[in-house]
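Report on one structure; see the data block that follows.
Chain naming follows the written order as A, B, C and D, and within any one chain the residues start at number 1.
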Amino acid sequence: MIRFECDYAEGAHERVLRMMIETNMEQTVGYGKDPYCEKARELVKKLCKVDSADVHFLVGGTQANKTIIASILRPYQGALCASTGHINAHETGAIEATGHKVLALESTDGKITAKQIQDAYDEHWNDGSHEHTVQPGLVYISNPTENGTLYTKQELTEISEVCHKCNLPLFLDGARLGYGIMAKGNDLTVADIARLCDVFYIGGTKVGALFGEAVVITNESLKKDFRYFIKQNGGMLAKGRLLGIQFIALLQDNLYFQISEWANIMAYRIKDALQKKGIRFLYDSMTNQQFPIFEDCQLEKLSQTYSFNFWTKVDATHSAVRICTSWATKEEDVEQLIRDIDRL
Amino acid sequence: MIRFECDYAEGAHERVLRMMIETNMEQTVGYGKDPYCEKARELVKKLCKVDSADVHFLVGGTQANKTIIASILRPYQGALCASTGHINAHETGAIEATGHKVLALESTDGKITAKQIQDAYDEHWNDGSHEHTVQPGLVYISNPTENGTLYTKQELTEISEVCHKCNLPLFLDGARLGYGIMAKGNDLTVADIARLCDVFYIGGTKVGALFGEAVVITNESLKKDFRYFIKQNGGMLAKGRLLGIQFIALLQDNLYFQISEWANIMAYRIKDALQKKGIRFLYDSMTNQQFPIFEDCQLEKLSQTYSFNFWTKVDATHSAVRICTSWATKEEDVEQLIRDIDRL
Amino acid sequence: MIRFECDYAEGAHERVLRMMIETNMEQTVGYGKDPYCEKARELVKKLCKVDSADVHFLVGGTQANKTIIASILRPYQGALCASTGHINAHETGAIEATGHKVLALESTDGKITAKQIQDAYDEHWNDGSHEHTVQPGLVYISNPTENGTLYTKQELTEISEVCHKCNLPLFLDGARLGYGIMAKGNDLTVADIARLCDVFYIGGTKVGALFGEAVVITNESLKKDFRYFIKQNGGMLAKGRLLGIQFIALLQDNLYFQISEWANIMAYRIKDALQKKGIRFLYDSMTNQQFPIFEDCQLEKLSQTYSFNFWTKVDATHSAVRICTSWATKEEDVEQLIRDIDRL
Amino acid sequence: MIRFECDYAEGAHERVLRMMIETNMEQTVGYGKDPYCEKARELVKKLCKVDSADVHFLVGGTQANKTIIASILRPYQGALCASTGHINAHETGAIEATGHKVLALESTDGKITAKQIQDAYDEHWNDGSHEHTVQPGLVYISNPTENGTLYTKQELTEISEVCHKCNLPLFLDGARLGYGIMAKGNDLTVADIARLCDVFYIGGTKVGALFGEAVVITNESLKKDFRYFIKQNGGMLAKGRLLGIQFIALLQDNLYFQISEWANIMAYRIKDALQKKGIRFLYDSMTNQQFPIFEDCQLEKLSQTYSFNFWTKVDATHSAVRICTSWATKEEDVEQLIRDIDRL
């Protein structure tokens, strides 16, 4: 079975692993206060072009999302979010478990607009009885989204402006950030994101690390006591240096972006093959996640050799799946898949 | 200003008040363990025709909703509910504050169907990765709904059957139960509701009491330690007998239902006058809440004398409002309103 | 059975009740925005001599405590409190249910000292790994305490100064405030308390009202969006005017303090009788709660006619009970009790 | 600087690391459903001699504690625990953040007794107003404790019996379990612990793994839907196999216990040297944590070369520190420390 079901089927990029091996028997202090985390913080800040940012390293995405959101909101506030957003759809109510409502905005492709945010804000505040409803307290977006789509610089700028005007911190989930930055047509840099968002993270788990997300807080008012939140939410890794070491390996010599580009290139090849075969897609994605709509008999045939992530039934005879490439995808596996697509 | 904006603009029915006055200087134990609460419990159980039910008295609706829901769900479970449901739309995230997601089902008139419940259940359990999403843990409905609409016996029976099959306790919010029971065309009795639901409450606040909701738990497995939940949620009234006394007054000699019927009759008169005038309605309600759609200029005129509850903008020149009658509505006020409607 | 077990065995003072009767059929807006609440707010502020305070009316003590504490603390902060404090010992974890640890400080008589607060603060901040422990976020005291004891002006001033220096809001639970203010030897006024605390409440439930606590927020930074907290915690009474009306009745013509004084006088008479009989006390109380230590056979005898609140077993043959008087205590009941004490 | 401050200053044992390297580019499913986790589960169950146990792998201790406790308790219940217990003293209120009170029992050496549990249970249930207080819902102990002390088989059996009688699940935190099992004088086996507890975990983070705790649930009634709890608490590692792989390496060929023994032997040598020097200890520990009481001038001298964990000020001129050895402690470092102790 060749796995295209997700971008976390393998371990870590060899350069990440090598640095972990080399430093294995060194002694350091725990909990992320070691020199490796310190150096990794500097690399992240350089990449973001924000000297004053606070950088924290967390193990996984759900943990990062709940910790960040709990740190921003007051108890009666909620998080505006696409209905398809990970915090709304795939985290077992982790946000609600911290006491907060996810305020879902309709979305078909994973994105929301500046206008939707403004409208939600107005709806709350124009209502005379606003203390009877949850107050919007922040905006959560992901880029790339769960559907592989991307925000343009224009779109993110508009969202940022609305958020600023409405005093809603903007939080960007970058679990797959590398794949987005390196996507064909993308016009956003990490520095743009750092400038336009109040807090975001650079995903490691899905881009070459064993695990790890680098949280960047640029808004001064969101920095206070963040380590308490990490600890309380069970996210403070005892051997915290493991996170620093991995991000050093990823951010040195541009590795993070090189391997992201590789995944995208592999995805485009598969996409081309599918398009040539006349297969339609559920979303228009230029990143490492592709959502083709197969005839069920086609899917059955391919599934003998490849594992995909089942997405949704489209009609009586068609289903959409997610095909994921990653930093670890092998060219020969892609070529084999393309041949098998041609033969369908 | 004559208020038709809600059904809690006045104090209590005089017979409720009188009984409070008569018992005022008696000494009783606190926290709902007094003889008045005991007697009221008996009256409630007789009305419900369920000897084995547990009956608790709470002060208000939001408190009742959050206490009941928190008592039923496990931390990773959520409450299925119409998108328009009070717990989803008007309680400032009180349910989420207890850690639970409200799983909203689309609704235009305030009701949900057995099929919607079954579909939501199936969607969760048929998905291989169900531990990544919130597990449906109960069904919340209100009757009458927030939009004045009612479930038929057939509909409630179907919902009850699905809930039973899916092991989802069914919780009915009866904040305006009296108005529903006495509505023209209603075919549900309180005993039916007690039989078909696992827990529900008989609303006092909006039907003649100063405050108070009588929670009836019929499902044996939901009874345990409920008083701990009341206390923890801040709902254990020190002078608990005030709740017992009010429900005795309401349930003796059928007062609760007589005053509910009065409110409905007043509402129908207003409805008739509006219909004669060719005014449309947002929802088809046979209860004490009516939702006419006025031209904005009509509304402006009426608003000089009457207060309504603004509901929604319908189009550029029309708005829907809620007109509420209650046990306390005066016939002369209704007649005056009808005359003013006629003159529009 | 003559009840001395608590100060909430009866209904309301007749002047409170009368005002509720007189206003019963008036129509007002709901949720505490009516003219009666407005007037009551003015009376409270005048009493406190703080024009700029925010005043909110809540139904009960646990609700007030959890709502206020949840409104002040950040998620990783806790409430410093005497080990005997109501929030630590008698509220079924209501504070923890909002996510916060109660940081108990040892106390034998219900009081804590400025030094204990300073020490707890220092212990947290001097520890290098402070993010691994709960950060003190506020100080909760009650006056009178659960044991009937009182803070002197000197003590409260010292506590206030430490709190100010440590940036810890000071919250005073005044469920029995009237009995404290009118106690022999007390040197604190309500205005002193308003000046020295950041938030406190004037208890109505135990001092002449059917229910109700008047929360006074003097610290500007704690005022924001407090009504959201009330609603989310299930404390927003639909017929909110009932709270305003009761506090008007209590605060007009000094009623609140007159009836408090009465309760104290009755308590002193009982105390005298007990002392004459050589009976010792668990705490030295000058308020309406007295904690005599009876021989078990004495207790058995008295318990045939009077109900007390069992407090604790003191040794093999002695037990302490709580004897409560209140605004409603009848002189003849006290005289009868005194006679029966004499006869022991 | 030679670090004796904790048992998580280095990376992983080389055999753990080697297995991670060897499996690095294999593709597996995520979230702990892979064959490595499956195999590790079998090894854990074999070690525990309980075929029917459920085994889950979590990343860290705080996460394990909060996830397990949240999965057991009802909202109004709390966790009985030594006052020194990790969940009470060093987890930033993580348990309270899930809504539960930690019910602290006095302890000087980290242990609690069966009698303390029985007394706490009786105190709750014998009080007539028990719904006003937090109901004990489980017992949390750690072995070794935070102070290096150990339960005997006799003690744990008594605790288990009380817990069983009182219907209180017994949860044992085994973050340093290996060091306890291999301690001189210990008479408990892992199988004993599995038999006597309802749930416990075998700590990897502090015993040779990069991270990871193996949770063993033996009580049937605590197994249901545990994966939902893991996900909601942010503990479901995407590349879950990393946990399985590490526990396979640790549990194969008895590695876990061999390296634990090594740490203990190193600790005993240091202990001997300290005792010869006449230095007293804060607790009597036979595990890898030692708590000597130094004169402050002694401590200052040693601290130039060695880092210890400051524990507490004992008197004006003495302080206790924690000295930790681990699987990674080098013999030459211990010998150097012993020489320097001799020279004091």
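Keep this in mind: a contact is a pair of C-beta atoms (placed from the backbone, for glycine too) under 8 Å apart; a residue touches a chain by one contact, two chains touch by 3 or more.
The shown structure was predicted, so the numbers you read here are calculated from the model rather than taken from an experiment.
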If you tally contacting C-beta pairs, which pair wins, A-D or B-D? A-D
Note, CA centroid farthest from chain B's centroid sits on chain D
Centre distance in Å when chain C and chain D are each reduced to the mean of their C-alpha atoms: 42
Approximate Å spacing (C-alpha centroids) for the pair chain A, chain D: 33
Averaging over Cα atoms per chain, report the distance between chain B and chain D in Å. 50
Check: chain B positions touching at least 2 other chains come out as 75-76, 91-93, 97-99, 129, 131-132, 228, 231-232, 236
Which of the residues in chain A come into contact with chain B in the complex? 75-76, 78, 89-93, 96-97, 99-102, 128-129, 131-134, 310
List of chain A residues in touch with chain C within their complex: 31, 70-71, 74-76, 98-99, 129, 131-132, 135, 225, 227-232, 236
Where on chain A is chain D touching in the complex? 1-3, 5-6, 8-12, 14, 17, 20-21, 23-30, 59-63, 66-67, 91-94, 97-98, 205-206, 210-211, 228, 231-239, 242, 328
